[in-house]
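Note that the chains take the letters A, B, C and D in the order they are written out, and that residue 1 is the start of every chain.
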């Protein structure tokens, strides 16, 4: 495969813009799962505190999910400048990443509501894992179509690929752990 | 019609920005239609799995609608750089496109909830079709007002116009199919 | 007041960005007021059509409000490039504009639900009017603080100011009409 | 610590973009807490007025929270250009700022619903305070890692640091006031 075969399918800056927009919105929609409790005694701090502690796991899921989305966004910041252009296949893989990021508030809400239900864990981890495989796929497709920046050596490409692969394996392990818990229930 | 008659009505980059923003938000709002189920046995994977499968068609509509919005956005990426400037008529047509894109989460939610109700299909397809006609209109208005990039030949203009027209016809056919189903009910 | 007294309070491009973001989100949130109806016969197009027609005024309000937000955004596109810099007072007036634009989905939902309740009309028009006065204020403050682009002549400044003023008067008239209807009820 | 030790962890413009996006969305989500009342007499302005006045504190919280988010955003506009680059630690502190800004609509809704419940006040102020400490932390970390713009003198650095510190102290005082009210209840 030579470098010139596949043309850029899309403007790099516009895809980056859509990407950042979807992440900003997904991060901010996480908060919608937190409910304002209905109090009978409106001034009672005890009743409000009690009602809020019932949502403890949702608060925890909010923080965890914000960190997850932040990490994914942060890593995309490192990966994206290494792409010289975006081919058609890479657009599709980016849309898989966007679809999972936009889907993540649902996973976060489900995990926050049912943290000890193994199926919530399966869905939560599977969403991140799908994102991860798409990210790894982007890296491999970019190299095969000659879309990586010229200064990236084959050794650097492999190092990054292996790092992404190990992360996907770790997530697959976590997914397996939750799947086993589902099956033994 | 000479090229200089109609001035640019708006900054190209700001309209692009608004366009990308509306699409990013519409894509992310799709997820709000998915409901966190209420479980009686919070740890039961069977009950959660059962509750989620009741939303199967909503999940399917989420994926389908994400692909539709992605495709529309992707094609706008190809069309937009071919406009040399944006005239007043093109601003109006772009707002029709934006209004249908922003309306799409409602169509997606309706289609996800009632996938076998032909009226849901009518509304879903009519929304995409309205977007399609506005997109075709943009292309024709741009040519008539001399707002296409200079390097686009008349033959290229016609090829693209015909392609857009065929797509609108295909969607009109789908709409007719659903309308017949509504009428025969 | 000389041109050099007041420094720019803020980056023009970042305020424009925030402005466009708030408008894109407000436009897209309008759709959240449309409700997916609960059907007893899930496949019945008659029941779905009947349930949707109960929301006719909300659909109408959606379209009207999208046009209003589109018009306000479009006019800001013409006004903003005429500002050479943004002073502190102009930042405050822009935040009034942003607060009313972000508040507009509530007005649109209220007007859609109770279109024949004069108080809905009062709130709807008052929201646009507040935006209008802030926009007029921006224009006047920009001139007084020497923040208009140098090529704008005093005659042009006055023409635009008077045009904005007439629009605010027209909206004030509409507000008065609704207020009278509230009072005579 | 020399200036060259820590490399930039992230593109300045992309972090700014995410920041502005999250703020635009948080500002616009504030409106979702306002509820469209259910009226029995749909045309009655008295009933609508009465129903809306029941949400007075939510309206007040909307305005207050818009001003708070506007102020935080405005100050970030002044702080951010003084950073020459963004280090890893500064990315983390920015994510703390983003998480609190995205969390703010929940605090605003809680404060609007239960304005006289001291615990609402605690949560509202604590959210702003966390943002404030992260902002102060950014300033200090930027100086220590040599990431401030070269023209900022040590005296200027200290003046800004002390101003941020005083603001955090004032917020801590407010938090203490509310905490005392919680404890004496």
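As a convention for this text, contacts are C-beta pairs under 8 Å (C-beta built on N, C-alpha and C of every residue); 3 or more make two chains touch, one makes a residue touch a chain.
Keep in mind that this is a model prediction, so the values were computed, not measured.
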{"item": "Neighbouring chains common to chain A and chain B, by label", "value": "none"}
{"item": "Numbering shared by both copies at the chain D-chain A contact, with half separating same from different", "value": "different"}
{"item": "Copies chain B and chain C - rotation angle from C-alpha fit, nearest 5 degrees", "value": "90"}
{"item": "Centroid distance [mean C-alpha coordinates] between chain D and chain A, Å", "value": "25"}
{"item": "Centre distance in Å when chain B and chain D are each reduced to the mean of their C-alpha atoms", "value": "35"}
{"item": "For chain C, residues that touch 2 or more chains besides their own", "value": "17, 21, 24-25, 29, 32"}
{"item": "Chain contact topology (line, ring, star, complete or other)", "value": "ring"}
{"item": "Chain B partner contacts - residues on chain A that touch it in the complex", "value": "10-11, 14, 17-18, 21-22, 24-26, 29, 32-33, 91, 95, 98-99, 102-103, 105-106, 109-110, 113-114, 116-120, 182, 185"}
{"item": "Of all residues in chain C, those that touch chain B in their complex", "value": "16-17, 20-21, 23-25, 27-32, 34, 36, 39, 42-46, 48-49, 52, 62-63, 66-67, 70, 73-74, 77, 81"}
